[in-house]
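As written, the chains take the letters A, B, C, D, E and F, and residue 1 is the first residue of each chain.
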Amino acid sequence: MEKLTHFNEEGRAQMVDVSGKPETVRTAIAQSSIEVNGTIYEHISKNKVKKGDVLAVAQVAGIMAAKKTWDIIPMCHPIPLKGINISFEWHEEKDDHKQLVIKASVKTIGNTGVEMEALTAVSAAALTVYDMCKSIDKGMVIGPTFLMEKTGGVSSQDYRR
Amino acid sequence: MEKLTHFNEEGRAQMVDVSGKPETVRTAIAQSSIEVNGTIYEHISKNKVKKGDVLAVAQVAGIMAAKKTWDIIPMCHPIPLKGINISFEWHEEKDDHKQLVIKASVKTIGNTGVEMEALTAVSAAALTVYDMCKSIDKGMVIGPTFLMEKTGGVSSQDYRR
Amino acid sequence: MEKLTHFNEEGRAQMVDVSGKPETVRTAIAQSSIEVNGTIYEHISKNKVKKGDVLAVAQVAGIMAAKKTWDIIPMCHPIPLKGINISFEWHEEKDDHKQLVIKASVKTIGNTGVEMEALTAVSAAALTVYDMCKSIDKGMVIGPTFLMEKTGGVSSQDYRR
Amino acid sequence: MEKLTHFNEEGRAQMVDVSGKPETVRTAIAQSSIEVNGTIYEHISKNKVKKGDVLAVAQVAGIMAAKKTWDIIPMCHPIPLKGINISFEWHEEKDDHKQLVIKASVKTIGNTGVEMEALTAVSAAALTVYDMCKSIDKGMVIGPTFLMEKTGGVSSQDYRR
Amino acid sequence: MEKLTHFNEEGRAQMVDVSGKPETVRTAIAQSSIEVNGTIYEHISKNKVKKGDVLAVAQVAGIMAAKKTWDIIPMCHPIPLKGINISFEWHEEKDDHKQLVIKASVKTIGNTGVEMEALTAVSAAALTVYDMCKSIDKGMVIGPTFLMEKTGGVSSQDYRR
Amino acid sequence: MEKLTHFNEEGRAQMVDVSGKPETVRTAIAQSSIEVNGTIYEHISKNKVKKGDVLAVAQVAGIMAAKKTWDIIPMCHPIPLKGINISFEWHEEKDDHKQLVIKASVKTIGNTGVEMEALTAVSAAALTVYDMCKSIDKGMVIGPTFLMEKTGGVSSQDYRR
């Protein structure tokens, strides 16, 4: 049976030793989303072309959170990230609801992957949208949140959903 | 039309002035979940009764993240949290998949609510489970993540999903 | 001769005991600025009405920095801020240069003032503008940075520049 | 048998709900120490009267660490500290060794005590002395570290070593 | 006389330039301990085999603190840690007291050593045990805390206690 | 027209991908200053030769802030800094005023420059001086703050003011 690599001989959690893994370019893309009602959709999308820009704040939040993933997820390695990009897309839902799809792509040169950084970025961005719109409706739903793609390291470990 | 309260007169984001709101006991409960395959379920649930405890780490992650919500979500107020509790529950899914349901309840005495703290706690806990099990399967899916309940402040603003 | 209040009997720095001071509404307004050339001015101000918004990022930076003033300025008290607002204004300078004036107003209910939070907010906002425009010109100059106004606490200590 | 208050009904850790406890002035004093050899003692104590001041850096470290105790000790509450003071004293040891005794006193007005803040302050100060002198001797020993005194809250819970 | 390397020409502290030192695998092992009474020993060791796991929390605390050593110890370099492992062992003391011995081993590939990271990890773990058991007895004593071993860099600088 | 490199195709901010840039030694020197009245000058400069040392605290603040530049300036890369040095100099101003000039030099080996780290260091140091002297006079003025020099990377991009 495959082993959970985050545990030491006592069965307790550890930050796995990755010093023997190759230092290569590594990328990851993750996706989250948040479903909002029509009123919120109007606010966010109209504000975008005017001034108050929910998505600009959400994106800063996502980028800053990616950089502190190691401080949020206990067993994550501190990784000197080389690039982070976050993008948004609106999808239609039933009724007047819309789904804001959030994608983050993260890149580093290092000994271990950046899946958690990408997943943390989209999570923080989605939470920020919730925060900024919750005065209108607290019923917004975040997710599903998942890894879309991962490259680098031993190539057989590349992942594509 | 209802207004997004996070914007100032220039239409830019601000941290809303809550100094005029009453200082009362405020609580929030949020829920997230993560769907895992049978192998991961075995690992997590067996480890729980033995030693290596994924959920113990996830829960510490959730509690610590709740305390730094103000540093992750840009427009959130720093709030001196008075209590945080995180609990877990397994639900059956189709095939051999299981859904780990994560609930966080947060309490404070303050001028503004703690919805974001509860939502951040469950998000960080779910991300931590993903991190600790991703060596087995990267296809785990996080969410839906949502607010279940909020009390305190002006009572007409209490929320129950 | 007036005494520096940040030192203990050994002459070393301390975080002054403010537990005996009244808990009142306290506000502070600080100002900084950054002088940029015409090209940068074009970029920032045109982007503002389109999409890429330097000032939106600068403002998020200012708000988030205000919240961690206690972690940047060693002898500052951790203060639960109740509101932060940042605004921008362009002034003409000689040649084609423009000065971006940045103001932050901060509010709390507490035992000590929020001057440092306002000063830290405008400093971080100005540094962020520098960061985002430095690929065009590294000669931008930040400052002067100063306190404009402070209210709350013992009223005789109110300050207006 | 007395109960560990940091565990919830599932037997997992929680940040205990203190919202029902009285908001009172609370203080704590903790002590740590570091034993150094004669050469290091000379460096530290001579530098003190000249310029390079190990103890000044150690003290800033202690004060800043006290403020982030909640981010270092997982189940600690975020507490708005009102005052922190750190002092140093040299004690004779056998041979030419000296013991640097470090005391921190911390004060707040809140629902829970500040023992951990005082203990974290002296620990960080001692670690900083180690860091700044380790190029001379890596054999320095830190501790014992303990709580000396605690007041506030329900008075029957005052503690004096 | 050997020089303290943390001071610049003005005699003030600096973060020493290590860019000329070789980038090699570097490890450090540090030890701390905490002496507890019989009741606390029962709680911790019984909980370990059941559910509420003080040591699991302490260990997460140690790992997370190691990662932010650079933010706790002022002159420490930010170091991208590659692995952290923490282990526990009970030793008998007089009466019914027991000593919980905590060891942390830390590994990196870098220009400077990781002694402070290992020392910070065991200190944070010991403080966390204190925090979680202090409702039973505030008289617990932490330490001695010291470096056990250091390898890497110029080999003549390896250290073994 | 030159392009602002911090924006993605949607015109939103991103953390620019620097993984393709060469990993070289990079340095930056920045300067800030703070103008103080004669009383404050007396306090700071006399304390320096005695015990309470404003500049020692300011310098620790500058060094620690440089290390968290990536957490203060949203689009900055996390950079493993290799050395930081801060120095002070007094200049005469009209009346009895003096200007404290603060310089920070920062060094790394990496894919991107450290201008922001040097600018953040001097800003935090100046703010700390303000904080520690504001009980005497709130009219102190910080700045101008600017980049003096930058080396490393593609040599044609070296900058000297």
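What we mean here is this: a contact is a pair of C-beta atoms (placed from the backbone, for glycine too) under 8 Å apart; a residue touches a chain by one contact, two chains touch by 3 or more.
The model shown is predicted, which means the values in this text are computed figures rather than measured ones.
Placing every chain at the mean of its C-alpha atoms, the farthest one from subunit F is found to be B. Work out the mean CA point of subunit C and of subunit E, and you get 37 Å between them. Inter-chain centre distance (subunit D to subunit E, centres taken as mean C-alpha positions): 15 Å. Computed centre separation for the pair subunit A/subunit E is 31 angstrom, with centres defined by C-alpha atoms. Subunit A has residues 10, 12-13, 51, 53, 56-57, 60-61, 64, 68, 71, 74-75, 78, 80 in contact with two or more other chains.
All chain pairs that count as touching, in label order, are A-B, A-C, A-E, A-F, B-C, B-D, B-E, C-D, C-F, D-E, D-F, E-F. Contact residues on subunit E toward subunit B in their complex (touch as defined above): 48, 51, 53, 56-57, 60-61, 64. Against subunit C, the residues of subunit B that register as touching in their complex are 8, 10, 12-19, 70-71, 74-75, 77-80, 110-111. Taken in their complex, subunit B has these residues touching subunit D: 25, 55-56, 59-60, 63-64, 66-68, 78, 80-88, 107-109.
Listed in rising order, the residues of subunit E touching subunit D in the complex are 1-7, 10-13, 32, 39, 42-43, 47, 50-54, 56-57, 60-61, 64-65, 68, 71-76, 115-116, 119-120, 123-124, 126-128, 130-136, 138-147, 150, 159, 161.
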